[in-house]
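Below are two complexes that have chain A in common, paired first with chain B and then with chain C.
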Partner chain A sequence: MNQTISKIRSFIFENFLFDADESALGNNDSFLEQGIIDSTGILELVDWLEETFTIKVLDEELIPENLDSVTKLADFIGKKSC
Partner chain B sequence: MLVYDYLLQSANKYPEKPVVFHGNKSLTYHELSSLVRSQASWLISQKFDAGFRCGILTDDPFEYISAYFAIQLAGGIVVGLNTQTSERSLKTLLTDSRISVVFAQKKFHRYLAPFASQLPSLKLIVSDEEFSCNGATSIWMDRQVILKTDLQITDFPVVKPDDIAQIIYTSGTTGSPKGVMLRHANLVANTSSIITYLKLTENDKVMAVLPFFYSYGNSVLLTHIAVGGSLVVNQNFLYPNVILDEMLEREVTGFSGVPSTFALLLNRSAINKYHFPKLRYLTQAGAAMSPKLAGQLQKVFPEAEIFVMYGQTEASARLSYLPPEDLERKMGSIGRAIPGVTLKLLDRDGRSVADGETGEIVAVGDNIMAGYWERRPETDQVLREEGLWTGDLARRDHEGYFYIVSRKSDMIKSGSHRIAPKEIEEIIHEHEAVHEVAVLGVEDEILGETIKACVVLKPGVTCLPKELLLHCRRNLPAFKVPHRIVFFDELPKTATGKIIKRQLMADG
Partner chain C sequence: MCGIAGFFNISSDNSPGQNDLERMIYPVAHRGPDGYGFYVGNEAGLAHARLSIIDLEGGWQPIHNEDKSLWVIFNGEIFNYRELRKELEAKGHRFYTNSDTEVIVHLYEENREECLSRLNGQFAIALYDVREKALILARDRMGIRPLFYVQHEGLFYFASEIKSLFAANSSLPREMNLEVLREVFTLWMPGGTETIFKGVHQLEAGHWARISVNKGFVSKEYWDIPFGIGVSGEFHKEADYAEKLRELLIDSVRLRLRADVPVGAYLSGGLDSSTITSLIHHYTDNPLKTFSVTFSDRVYDEQAQQKEMVDFLATDHHVEHCTYEKIGESFPDVIWHTEMPILRTAPAPLYLLSSLVRKNHYKVVLTGEGADEILGGYDIFKEAKIRAFIKKDLTSSIRPMLLKRLYPYLALSPTKSAEFAKIFFNTDASIDDLFYAHMPRWKTTGGTSVFFAEKLKRANVHHVVDKLISRFSHKLVGLDYFSRAQYLEAKLLLGNYLLSSQGDRMAMAHSVEGRFPFLDHRLVEFACTIPPNMKMKVLNEKNILKKAMDNLLPKSIVKRKKQPYMAPDILSFFGGKEPEYLNYYLSPQMVKEAGFFNPRAVEQLLSKCRKKVRQGFRENMAFVGILSTQIVYEKFVKNFRIDMPNRLDNIKIIS
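Here is the complex of A and B:
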């Protein structure tokens, strides 16, 4: 789980937060509320999830409950990988 | 008739009817007009000069809409500010428009704080939460105090139809944004025309996903308030399934989007599992509709009529529309002029071209802007004796339907944004490692176009794409940051030294 969280954080910082320091994103912070990711970004994120964790994200799974924070993403990956 | 009369009339007619839904909150017409009156009264009490500019920087629709009408009621000019912004972009716009007040949400304070006290024109930041600039809060006015104070002002300023109601900034081809000045009369003429051809009534409830600070979203706002209809607002298109759920739950009758909105809905949502019996119309502007997209939309929204529309910010929004019954017969067309507008096709010398030949679309109508804010030469270039020269090249068939052939400018259309390559090129060029750069749009299935930067580095200098992206990220709003940076040894040029962008596009 910790390793997944760390991978997700690296991806978010590398692609969306760039030079921001670690405190710029809490694991439970909403990407939507914080304005961290836009609609293009979410597509990049989903492509990255599918490639990195070899999972298939279904259309109906593209919802904030699965994708809208680091913790939610890690939980979602955990469930999909079972 | 003035723009704010729409709200006052609808509030008078349907006081208890919800006008805006957002999340789990809603506002009735009566509640909205009360918010408008208190904010307008406060603005009047500040004794700004007539036609003062007032910015709105918020993604909360209740705040945006109430400030919008309040500013106009107080005799001011609305400047809707893009919430996807950067300190640099914002400073440019506020300086250019010599803004007096900004209604700003807390989350955008960070962009304003570094320079707010340096702008001579900027007197106040209105916000629900304390705004601090270099430790001082003297520039902050608490919005909640404004809303609670009853100033009892009954003497509202006299506003005339020819007065400017709004300035909408668009990307200029030179790189710096231009403020399109729209009169009350322009917006009223366009609103009335759109209501007619969409047959909008007080029973309409639109899913508003487009930002109000752009002209398309602005027209969705005004038309629905004018008829006493309602808006279900969700301008975060991050999770399309959430939008679909809201459309169903609120029983919306209309949906307005750009090609990328529909591409996202069709390709990245569970839309096929939904059915919308109440949805009676869809509108698309920004480009003609491809046969593939039209077919897909008709399949998932069988009850809805599809309106393809064309326009420009300079025309308050709309210039033409293709009636739904002609969609199949005139595939690829942007239709004919909307009521109250005349469209001509002219050659460079202002002579009409024959049907089937290519000319520039020139528009005449009461919806055409007053000009660009404090930019006489640019205004004179497009507002000429013949009308508004749109820069769009088109042909017309024998039945009078227009087909866009190409655009004179190399503006990138990505999602709902129009982006001037020049502005991005200027930023990238500021990086010390860069010798030369060309920015262009590359076709994309979802976004329409993505941004590609082709860069030549200075001799002997090394630089990673990541470093240039970081530089862009610091200086540009997120939607203007290139999706891809590609390094070249040299850029292809014509004999006169002009970069051949078409060749760079072919390189993918």
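Here is the complex of A and C:
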């Protein structure tokens, strides 16, 4: 789990927060509400999920409960991978 | 159509002269390649670069009145000049040319600044009143033609483009305005009359200004888009509105075909340009030459629709085919002309298109801008309508699904997931918020601040909205949210971007004049009386225009879902061969030296772009915005240079 979280965090920093400080993102912060990722960026995130974790994200799974924070993402990946 | 420049001496001991005027007019020679004219008076100097369109032999400027007490230079067209001239001649005025310019001096003799409301046209005017020792500047109602000014050491300088101001006087500071840069990275364009350069302003659309030794600079509005006049219009039925709209459009097109050179038309394949080409075909005897942009990237391409119109009207059609590389390569030149950072590459294909027009020996094109703003075409209006509908019943799980109907044309749509779209579009916001419709866009765009250097982060972000409130609240309060959104789009997107960065500057870069039938003020005034629920009927945009054109266009064009004109952004630089200049403008040293962006963040964005992954709105806007800001910095602040010949060729008049 911790490994997944750090993978997610480094992806988010590299691709959406760029040179921001580690403190710029709490694991429970909402990506959309904090303006970290816009809703077109979410699809970029999905591309990465599918490729990195070899999972398939279904259209009905494109909901904030699954994708809108580091923790939610880690949980979602956990569920999809088992 | 032309370029103008000049000065007025308010209180300086060193008055500029002919040489200074030549230095000012040369940088805008692309606006008027046919010859120059100058006038130097006691307080003022006027310079003109001419693109001959009306009265090819006699229309050289500056032009004066009977006793030479008024001198005018003018960029643009007065479409109703024949009618005005008749009227003025009946009152005893004598004309020495056949040009539209000359009506201005005589009309000014009659009505002073009030004469502006008699003009149907697109213009930037500078008129020197010798007796009153005053300079009068004016701009057309919608802001089609540009006019910039700056005051420096007791001198007032004005010009069609900012480069002329900087060329006028090397002691003029050339510094970028951080607050305006923040506006661009929030609103997509400056929110007011300030430009990206400190101290340089544009005269606002629908305004005149009087500059005199005694009173300095005084400016006044003479017209504004009359949203909110509180009238629901003279008709009850959609069909009546449609008929009146068609009548006005036909007349507007006819007036805009007045020229002593042939007139062509841009054809995108959408409803607006198809409307104009169809009206030219059906209601005038102008031989129809059309010009289109096509894209190798199919997401942006509208070739099929263009072909349908070309076959329907049998026009003589010409195509500029845009590849990623062509857009990328032309981008630095595009920015030399926009004189402003931009967040989209969309002006670049129009820059290439105007070059094609010129190669075909055409100087004038009709084009469809303005229809979306005044007749309710934009997705942002639709978006606001759906958000308001969801807000009425927040418990409904079906209503948010409507958001999925937005942006069907985008490869990466923000509405693929209704649940995300709900957050994205902030469906909780109150529709009474002054900027209700625009807030989601501004929030997404504001996300680009992740690339800012400390200095730009510190530029007051609250000022962006505060300034809009102080500029617009008295115009917006009391209007419904749909009309508020329309007003703002007309003032900001249309006025400060589409007509300028994407319009005038791209066409004039290749000496081509754009004319805009939808922006005839009679038509704009009429459109403001159409009830919003008729303009966009349920979610059917530009409903009245579609009704008006129903029998004059192929059904598929009328029924087609709106696809806004866009061009590939990041892909234009990385989809094909990467332009070499990226390593120059975006090098860590240059980014650091300019001081606006965080060099490490820019480097990371660059390497992300090189991976060619698909990226969202924010990164696309950020990349184009950062690159264009760096180009503006390099070309206008760091290395501003005009290579001027020793003598100007083609000087026609010195008065």
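In this text, the second predicted complex is superposed on the first by the 82 of 82 C-alpha atoms of A that agree within 3 Å, B and C clash if a C-alpha of one lies under 4 Å from a C-alpha of the other, contacts with A are read in each partner's own complex, and residues count from 1 in each chain.
Please note the rule applied: a residue touches a chain if its C-beta (ideal position, glycine included) is under 8 Å from a C-beta of that chain, and two chains touch if they have at least 3 such contacts.
Model, not experiment: these values are computed from the prediction.
Visitor: For A:D59 in the superposed arrangement: first (chain B), second (chain C), both or neither?
Guide: Touch status of A:D59: both partners.
Visitor: Given the superposition on chain A, which partner contacts more residues in chain A: chain B or chain C?
Guide: C
Visitor: Tell me which partner A:D38 touches in the superposition: chain B (first), chain C (second), both or neither.
Guide: both
Visitor: Let me test your reading of the model: by the given contact rule, A:D47 touches which partner, first (chain B), second (chain C), both or neither?
Guide: second
Visitor: For A:E22, select first, second, both or neither according to whether it touches chain B, chain C, the two together, or no partner.
Guide: A:E22 contacts neither chain B nor chain C.
Visitor: Where on chain A do the contacts from chain B and from chain C line up?
Guide: Touching chain B and chain C on chain A: residues 14, 18-19, 32, 35, 37-43, 59, 62-64, 67-68.
Visitor: Provide the residue numbers of chain A that touch chain B in the complex, in ascending order.
Guide: 14, 18-19, 31-32, 35, 37-43, 46, 58-60, 62-64, 67-68
Visitor: Residue numbers of chain A touching chain C in their complex, please.
Guide: 14-20, 30, 32-33, 35-44, 47-48, 59, 62-64, 67-68
Visitor: In the complex formed with chain A, which residues of chain C make contact?
Guide: Chain C reaches chain A through residues 410, 412-417, 419-421, 423-424, 443-444, 446-447, 450-451, 598, 600-601, 604-605, 608, 613-619.
Visitor: Please output the residues of chain B touching chain A within their complex, sorted ascending.
Guide: So the residues of chain B in touch with chain A come to 83-84, 107, 236-242, 264, 268-271, 273, 415, 446-447, 450, 466, 469-470, 473-474, 478-479, 483.
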